[in-house]
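Chain nomenclature is as follows: A, B, C and D, assigned in order of appearance, with residue numbering initiated at 1 for each chain independently.
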Amino acid sequence: MSDVTVTAREARHALTDIAYYPGCSLHGTSREFDESLRAVAAELGIGITEIRDWSCCGASSGHTTDHLLGVALPARNLALAEAQGYDTVLAPCAACYNRLSAARLAIATEDGLAERIPDVIGRGFGNTVQVRNAVELLRDAAVTVEEKAAASLTPNPLEGVKLAAYYGCLLVRPAEVCGYDDPEQPTSMDEVISACGADAVDWNMKVECCGGAFSVTRTSSVVRLGRAIIDDARAHGAEAIVVACPLCHSNLDLRQKAMVARGEEPLPILFVTQVVGLAVGLTPESLGLERHFVDTEPLIARLVEQAGARDAEERRVKQEAAAKAAERAARQKKGSS
Amino acid sequence: MTSERRRTLAGEILEATGINAATCYQCGKCSAGCPMASESALRPHAIMRLVMQDRRERALTDESIWLCLTCETCSARCPNDCDPARVIDAVRELSIETGVADIPRTISAFHKAFLEQIRSNGRLHEFGMVMDYKLRSGELMKDVTSAPGMLTRGKLSFRAERIEAVDEIKRIFEKCGVTP
Amino acid sequence: MSDFEPRITAFVCNWCTYTGADLAGTSRLHMASNVRIIRLPCTGRIDPLFIVKAFERGADGVIVSGCHPADCHYTSGNYHARRRFAVFHDIMEFIGVDPRRMTFSWVSASEGAKWRDVVDEAVTNVRALGSFEAYRALAPVEDRKA
Amino acid sequence: MSRIGVFICHCGENIARTVDVEAVAEALKDHPGVAFATGYKYMCSDPGQTLVRQAIAEHDLTGVVVAACSPHMHERTFRRACDQAGLNKYMCEMANIREHCSWIHEDRGEATEKAIDIARTIVEKVKHNQPLESIRIPVTKRALVIGGGIAGIQAALDIADGGHEVILVEKEASIGGHMSQLSETFPTLDCSQCILTPRMVEAYQHPNITLHTWSEVESVDGYIGNFTVKIRKKARSVNEDLCNGCGDCQAACPAKKIPSEFEAGLGKRTAISVPFPQAVPNIPVLDRQNCTLFKGRRKGLAKDACGKCKEACLKGAIDYDAEDTFVEKQVGAIVVAVGFKLYDIGREQPEGLKGYGEYGYGEVPDVIDGLQFERLASASGPTAGAILRPSDGTEPKTVVFVHCVGSRDPEKGIKYCSKICCMYNAKHAMLYKHKVHDGRAVAFYMDIRAAGKGYDEFSRRAIEEDGAEYVRGRVSRIFRDGDKVRVWGYDTLNGEQVVIDADMVVLATAMRPQDGVRELAQKLSVSTDEHGFINEAHPKLRPVETNTAGVFVAGACQAPRDIPESVAMASASAAKVMSLFSADELEREPAVAIVNENTCIGCMRCELVCPYGAIEQREICTVDGQVCGHVAYVNPGVCQGCGTCQAVCLSKSVELQTFTDEQVYSEINALCAWE
């Protein structure tokens, strides 16, 4: 199993020259995930190149309809990456990550599948590329993130901000497919959040489901499940929920409108890449924060204010010090004359 | 032996997934954690039981199998490695194959619309998908309020992204015998 | 050939099959009288040459039976026997002994009825195969009597 | 030329009905090497045996074949008869013409013919029998009992009361084992301490029992009746002869915040301490890991950082420089009773198990295991018997008990059923309800397994009389929600999800083999099963013996066991040990393998297949004492006579006495008398 699932240790190697599989959502409803990822990658010196002519992974529609289709569609993209000379694919969308990894596992373990796939997708395929998600990648780059955060214009802008890391299903389950983190009590995203200088709150809904693909088809379910998650995060003092999945994002972000309408306090939903971006001092615009339904302005404002306050404080301390020094100098003058 | 099995539902599931439904000892841990349990008539352990008892009719035609979110919570916590999520996948496939599926219109419409997008563009064109879905499902007015927001936020675009090798994708669909 | 009665030699272990055969007796289970038992401590003791010898001396069939796997009185003797006979089986076929003349089975001390079945089945099979003439062609193995 | 007598038994009608005994006698008379053949009505009767004895004398017989029943029936009888007549008893064999002939055939002709064959075959074998002496092994009438839990104590007491010396080795500071941690015991709810403590004291004071606590078995050599065991007495830092158990050292010790193992982490102890007040012996152990002085020494401080216990000890019993010492003893038998441990289901699992992230054990303070609940419920426990939850010391009003945590769970735990959990869960629910009358006890179970005297009645009582709510279904998740512990379960009987906001959750975690049992098994050359439990010699007929003669097993180190079973096994092993000790020497059939050193090529394949490790390499020397190679040597004391070695010997250099190649081949040859 371990040869098909990417363990963090394996992943430690080269963070450059990675094949980037954005997936449909990052080209559409979640383009801010794409934007923020590219911006952060550039900032952290992670080299990513989009796979040429990639196609959809089939998402849940693929494998709920037909097992083979659910394997073949991801396989085509892995084959492309292979052909284009990569050994690692970055799939930031948790759904894509899950489908790609699941396909890898199926092909490696199910009888005859490895032989059958090349014919189905009409391409040679050795099942050699590893699949990794954005959280994993950023966890491995945590040290760099810390340094950058400390070195940014207003050092550690996220200091004291309480964030709830939400993994949902597809990042951690099934364990044999994902396996880069603990399926019941994962820590990778929390590590990234702490690396950003923010506080990762300890809460209960980290790995509960948000309603996934039912966003449009059974909105009622999605709202029910989403509320449980948002309420628990808020109850544990979170100022925002951090996600790494376009589905989770739209389910939690878009569907909050209903609650807001009922006059409830909205809770911003941020992509993990946006959090890192803010930490290392990138502008909200460059991270597409304005694209969310739940307004992130208040949060940003709070950060700016906090930073401002800290600057002011520092300035005050400096001035006091200067004043004292001046006084001392003056006294000495008196004494000498 | 296999031909013997092929006749039973459990046998078919075994063939398709390698999972022996008889390994389920009905402890209910799957259903205890299922996020959709409150909305579906058949919970994971019940579906396992129906498979065990070869109650094809009940298992394949119930709406519940379409309410599975494939969140994998059941499989992740199953003490006996029965992988209910995978079994439910397989049951769904069977119900489509045998044409007895009573798929909630909205859900089948969604899957169909989704797959059609992929087949014809290689990628999902959400706007097109939503339009197609609305036509298939008849839920014309649903979410229209959020569409403008989507557009202004640049989350939806009218123009579909089409990959160069669309024919490759069409071929894959043919090979898998799937026509949305 | 109808009046042909096969002669079968059975090599059995003392703790399971021999005792199982005793049980068949105490339970008065009637069976064919063509089998002669040679008692050994364990199937692990059975040298494949015993079987060759039996055929060479005119046996039409051979039964080897011991404890079920994991039930061996000597913990692992029957495993060694099992491995040995897996190989031996093919060799016998190679030297021209129809493998159907050899029965390998597990009969525990509590399986008197099973022993009866093993015996009757072996007799029926070997009777069907007819007398084992080939042994006369086998190179005479020098008697081991000192 | 051998002169063999053949005695054919009618066994009343049993043989004579289908076998023409006289015909058999006639046929055998003329058989080469047969000096005398006769039939008789009851050969095993006294006149029958006399007939055999007389014939031996009159015809100067060199061998005897009794054609009668199974050797398992009367071989002993007739060998004794031969012995009395001065004929080596191993020259006597039985031809089984009853079980294997007269009883299973109807046709008189066939049966008679077969009986003749059988008799002849055995005659041919006897021709090659050798006069043998049975092997005599001296027995050291001293037993070693490993493990001082209830099983070990029971075994030790029974053997000691039987008048034999016992060495009882316990790796902890006190004997008593898990039972001393229990509050009350099912199904009678009598206090565990009250029934155990007297036995502990009895064992300690018994003149025949030498107790070594804080000690472990270092090595075991030898074989049944003649084991040499080496015991490591771990450095206690307290002189056992000087210490009077006053407890002043404990009072003086500044390191008071160490989690107590005995209290399952719910209480604290000092660095120098006795595990619990009723400990036997009442002599403390200095825990060097947590001792300020030794921490200092490890840091390399020039001066000792502490020394309060030594100052406090008026007997001068404390010795910081004490080191491990070794005791070597001869014993004739060994009883293994090392017991079990609980499956710690926390997320971190050293032994490849996955652990239960979803149950929050080790992360949510009010999620505890069964043993911890025992301590809460125990009058001698950290709460003096009050049920108070660990996090805030308040009385839990809703307690959830979860069955099968780790048990019957091949994915994250082990596949077997731990057997005692259903019962102690019922007990826990009862104890809780007895102590917290307005409390609510909910138990999530899969099946209730309460087979045992008064067991099912007991578990029913928990439900019917004490009002414990039993819900059939496993729990999916347990997590902290404010000051509650939320439990997500499912009621499979009425098909609903069940969410309970509990104040405390008790997990019935699985029973697993004690640490280090595999290593110990290796030292004793006994086998363990896939889980690490010690294998019994036969699951039905030899439940307390192991596959190594002279080593017996008792209690939960063999499989999950409750107290009555453990005690029963202990007494059974004790009985086995005492029957072993009943003679000064062990007599064993000389059915052992012997190596011909002149032809052995030293390939040692025999050593590989020997199930008993009875075969070792032995160097052979030239006349002038130069080592010139090695050959195999079979230790007759250890060899059990399976003959596997002989079957694999390339140079035919190893012979199993009583089943030699000669004997077997002549039997085979005899069968061609069919022609």
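We adopt the following convention: a residue touches a chain if its C-beta (ideal position, glycine included) is under 8 Å from a C-beta of that chain, and two chains touch if they have at least 3 such contacts.
Predicted model, so just to flag it, every value in this text is computed and none were measured.
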Comparison of A-D and C-D (more C-beta pairs in contact): C-D
Taking each chain's centre as the mean of its CA atoms, the one lying farthest from the centre of chain B is chain C
Need the CA-centroid distance for the pair chain A / chain D, whole Å please. 55
Distance between chain centroids, defined by C-alpha means - chain C, chain D (Å): 35
Quick check: how many Å separate the C-alpha centres of chain A and chain C? 70
Where chain B touches two or more other chains simultaneously, the residues are 73
Which chain D residues touch at least two other chains? 358
Chain C touches at least 2 other chains through residues none
Touching pairs here come out as A-B, A-D, B-D, C-D
Chain D residues touching chain A - in the complex, by the definition given at the top: 347, 356-358, 363, 479-482, 486
Once bound in the complex, which stretches of chain D touch chain C? 70-72, 96, 98-101, 103-107, 110-111, 113-114, 117-118, 121, 128, 527, 538, 547, 591, 609, 611-612, 640-644, 646-648, 656, 659, 661-662, 664-669, 671-672, 674-675
Going by the contact rule set out above, which residues of chain B touch chain D in the complex? 25-34, 37-38, 43, 45-46, 73, 77-81
Partner chain B, residues of chain D touching it in the complex: 358, 404, 408-413, 446, 472-477, 488-492, 495, 497-498
Show me the residue ranges of chain B that touch chain A in the complex, using the header's touch definition. 16, 18, 35-36, 39, 67, 69-73, 75-76, 83, 85, 89-90, 92-93, 96, 104, 106-107, 109-111, 114-115, 117-118, 122-127, 130, 133, 137, 142-143, 146, 149-150, 153-157, 161, 163-165, 168-169, 171-173, 175-178
